[in-house]
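Below are two complexes that have chain A in common, paired first with chain B and then with chain C.
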Partner chain A sequence: MRDTSTAFRVKKAFGYAMMLTFLAFSLLPVIWVVLLSMRPPTALFEPIWESPGAWTLDNIRSIARSDFPAALLNSFITAGSSTLLAMLIGVPGAFALSKRRSSNKFFASWLLLLLRMAPPVGFVIPLFLVYVRVGLIDTYVGLIFAYTSLTLPFVVWSMWTSFNQIPDELIEAGLMDGASLGRVLWRIVIPAARPGLVAAGVLSFLLAWNDFFFSLIITRSDTTTAPVAVMNFVSYASVDWGAIAVASIALTLPIVPIIVLANKYIVQSLGGAVKG
Partner chain B sequence: MGNITLDKVVKRFGDVEVIPPLDLEIADGEFVVFVGPSGCGKSTLLRIIAGLEDLTSGHIEISGRDVSHLAPGDRGLAMVFQSYALYPHMTVRENMLFPLEMTRVDSRAANEKVERAAEVLNLSAYMDRKPGQLSGGQRQRVAIGRAIVREPSAFLFDEPLSNLDAALRVNMRIEIAELHAKLGTTMIYVTHDQVEAMTMADRIVVLQAGRIEQVGTPLELYERPCNEFVAGFIGSPRMNFIRGAEAERLGAPVIGIRPEHINASRDAGMWNGKVSFSEHLGSDTYLHIDTDVGPVNVRTTGEFGVHRGDTVWLNPNEQSIHRFDTNGMAV
Partner chain C sequence: MIKTTHGALSAMLLLGSTALAPIAANAQDREVNVLLFSMPSTRGLAALADDFEAETGITANIDVVGQDVFESRITLSFTGGARDIDVVHTPVIQVQRWVEAGWLEPVTDTVEGLEDKDDILSGPLEAYQVNGDYYGLPFFAETGLMAYRKDLLDAAGVEAPETWDEMLEVAKAVDSDETAAIAMRVAPGQGFNMFVFPMLMRAYGGKFFADYPDDMTPALDSPENLEALNTYITLMNDYGPQGIGNFNFPEVVAALQNGQAAMTVDGTSIVSQAVDPAASQFADEFVLALPPGGPAGRSPAIAVHGLGIPAGSENAETAAEFIKWATSTETLTKLAINEAFPDFTRASVAENAEVQAKYAEVQEDFLDLRIEALNLAIGHYRPLIPTWPEIGAAIGENVNAAVNGQMSPEEALEAAQEEMEIILSY
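Showing the complex of A and B:
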């Protein structure tokens, strides 16, 4: 008995050691960024024990005075709006694709997959040329549309699979009860597919929030988003590492509560479990 | 009023005609059961009446009103599904209120109706539970409750008892029959289980390949099946069919005789055979016998003590023999 229990303890300790190693490995850059954000420029690349008293809030102050808060707001506006737009169009679209009897579904799924898989660089050049013509460069509308081209296929694809798990009889019961198709979607299907819906919303928000490439090409100054604004702290003469560290934290922090709140739904949705 | 008329109803999926032109009259207050093997089109026919499937051609009238092209919710019908189809995120009360909300019934009247239905169905204690917290039988009752509150001109049941265990199924069968007696509303009930059909129906519609084989009361179908298919489908255990010289001797190319219309004896009789298998149920004994006219099943009342390999004599009750021509039609 004792032998097995010792073996079990060793195994458990080994498991914990593995987890801690992995955690340290993945958290180290984060910890480093947090430390960097509070160090003065002179002490940036010194080991902490050489200047243990060198802490400052100057990096945060300089970020607050820069264009970065405006860029953060731009990120919120564009990622939020494109997610909203993608959900408004994508959810009914996915519902139709999932529940309508149609022979064109294969084509639709193929096209959606293509949009999901194709590298953004494939879209950004034609988009740029069109935007220059119609005056959408450096506008919210231009960036929101561009992001929606990323988020919409994602929302449709993931909601399509969520809706596939909703039994047809549930929809038919709604129709028999006198609800229109729109009300069936709103009152029955969407609440029943809530985990998938939350997951699709959060992940598509992150898709737009984390974008660098589209923003870099399409924005100039007015609508620059936070990931691109970070670049402003890099100049020919110097790199303001402290400011970059603060900006990185500012970019990450808003995501944390969203992920914490939506974690359950995201796991459920990715695990494919919808309770009947 | 809830009389339903199907007039030359046709349903095609692409090139496949699943329901050939079909006519049927269902009287107000009648309990009609659609029965047939899987894939015979009985559920499709029910869904056409409900409006969940489009008609290819023909007309459907409910209470004298042509509903052929109306939306399901506008036909004044209520449906109970095999999977119950309760809204998983709503409580029992909200589930039952939903159809009333959709028809904009004033909320106090709606609540009263729901409470009354819950009382009838013994659901009052579960009103604030979600469907996931209910047993199969309770869920089925909620589904029926949701149908009742609409006060429909007819109820449609699509194999509502298939997901329940055997004991519960018998109980629910009685509950539904009692509900019909109480409400007096037209009910159309789809099942593949001929026992359900026989016990519940005022009239049975036997379907095969989308075609109506016969319509009649349970006893009419049992006593006077119009063809071999109906004769074989209605009645349990299944009717025995005998072909060839012995059938010709008894007056037709094919004869049918029900297991309960054959007397088994150890001494003498018309046919002689060996027991291949016997089922002793206490109240009855089912004998499977290999005879010189083919395999024959016999049902005897009480215990009939035989074993595999024993020789048994069989005497069909000649008044109960059904005769069919070469096309399988009764003669």
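Showing the complex of A and C:
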């Protein structure tokens, strides 16, 4: 039976009001950036009602003509490749850590955790010096390897917990039926751990996509990624707010469909639910 | 129970080894790696890279980045001895520090070898001389100018101020609820408030040192400096826009362009944006003039940027060729025509008819004003010493705190004086 008392309605209204307030609070900056991206420089800092007719696509055009699209492509290439590499190495690695009985496990897990805990500034300087010597500065390979140092421990740790939730019996049954270990991993374990897999992939992509620091240090004009390229609109004695607004949107847009499509899996994975 | 394979590890090693393969083929002789930070002149220079290649056959990889990105890159590159940069953007204010740290290669031979060396403005060029050697060639020199809204001053029945004392009165007359009288940079930093505040200091007869460069005793806590600081505080707090205590160049520029401020005193790269019709709603109303003076005359700010060669550069020869090309009359003339600012460092550029016509359109005497300000400006407007970046930052913090009411002007100057003494005693 539904409770339709006044008290309930008041509570519900209060709930909605709170929700709308929070929604406005978190969406306002986004809306503001969208508006900024379409305002001419002369009207950038004016309230909309003072110049309701001042709109322009110049900011978008100037971004399209700048180096920013190339930087976006660089972000895609490096974040995508490092995620792929981390998955290729990390998923079998996590599988081994989860299912193999070994005395080194404790050591391995701590080593991985240490990599995750160490601030990037701790290893970016040695990395930079090595890269200069071997010529990996401003190369895709160099940046992909650097990103893999972020994404690989993440993939291993998150897949490790996913694999832990898969019963050993499932694997033993597969092996007893004569399947090879690789086949068991590919046909039985990975499908069962799909939510974890998607979540690990998406989150490690985001980890690399949002990186500023590695790209700042080890890229130059050829492989600069988008987060660093945004900073280039802040120049001596002027800040191109319109361009920064367009660039921020361009940096966010590709993420939205990925998150929407993978949302189900990420929630499942973070919630720890496993469907048998 | 389950046996692990070494497949993953070998795959990684394989990837690693193939990745390293193309490096050997990368070494080309006629290349030069240039790192600049973003400003109209450097963006304009990057756009001319093909001209350089056509003239010399050298490929210039010009990287123009934001100022913060630039700082991180050079710090790592210089301290790590990476030698990945052949030509580096060298602000005059950093030269002493970089030379002391051994980060720059002298370019004296290149400078002395120039047939038209005399054409380079001597103030900016000499600022690159440390211990008898040149460490850079200037491509950009901006000076302090004033921009004021003629319509608002006329309406208030006042003339443009000639001195900072007059500025106080003009500001009082012009200030209104809609438009603050004056916006200047207050944000702390040797290149922010300490770029503009010394214009007041020196006009009132204030100094950083007792007798630069002979007597380097800090002389901040003088009555002259106090008078200058009081004027600055009154102008900003009584006649400045709301939030002025944190204003840096983007806020000052926005305030001028949107009609929130009637006057400013700052470098050409700021005031030029007030008269730029593409960005400023009041481009037609703004008039440029020399900055106000005082009992000790006028002292326009000066900021010089040049190109230097990092120590140990493996392409020092091609680097020198690039620097010669980038600071040549031909290149600087192209920059003055292509970009919105007249900050060239060679006298002959001002003789080019196209350059003259372009800036006369903004204001008949724009180029003359700039030359006059350059002549008035003293080379050590900001002291040319290795510790200036730290000293400038320390004074800037205290001056900012005084404007924001966190300490009295007397306390601020005393604190700055003490910090200066500590920095100099290292």
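Please note the rule applied: the second predicted complex is superposed on the first by the 272 of 276 C-alpha atoms of A that agree within 3 Å, B and C clash if a C-alpha of one lies under 4 Å from a C-alpha of the other, contacts with A are read in each partner's own complex, and residues count from 1 in each chain.
Everything that follows uses one rule, which is that a residue touches a chain if its C-beta (ideal position, glycine included) is under 8 Å from a C-beta of that chain, and two chains touch if they have at least 3 such contacts.
No experiment lies behind these values; they were computed from the predicted model shown.
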For the combined arrangement obtained by superposing on chain A, do chain B and chain C clash, or do they fit? fit
Would you check which partner chain A:Pro167 touches, where first means chain B only, second means chain C only, and both and neither mean what they say? first
Can you tell me whether chain B or chain C touches more residues on chain A? C
Just chain B (first), just chain C (second), both, or neither: which does A:Arg183 touch? first
First, second, both or neither for A:Gly93, with chain B first and chain C second: second
Mind computing the angle chain B to chain A to chain C from the CA centres, in steps of 10 degrees? 160
Which partner chains sit in contact with A:Gly196 here, chain B, chain C, both or neither? Use first/second/both/neither. neither
Least Cα gap, in Å, left between chain B and chain C after the two complexes are fitted on chain A: 7
Mind listing the chain C positions that touch chain A in their complex? 1-4, 7-8, 11-12, 15-16, 19-20, 23, 26, 33, 37-39, 43, 61-69, 72-73, 76, 80, 82-84, 249-250, 253-254, 257-258, 267, 269-270, 273, 278-281
Of all residues in chain A, those that touch chain B in their complex: 167, 169-170, 172-180, 183, 187-188, 191-192, 194, 275-276
Contacts from chain A onto chain C in the complex sit at residues 41-42, 44-46, 85, 88-89, 92-93, 96, 99-101, 125, 128-129, 132, 134-137, 139, 141-142, 145, 168, 171, 181, 216-217, 220-221, 228, 231-239, 241
Quick check: in the complex, which residue numbers of chain B touch chain A? 50-52, 71-74, 77-79, 81-83, 85-89, 98-99, 102-103, 132, 146, 150
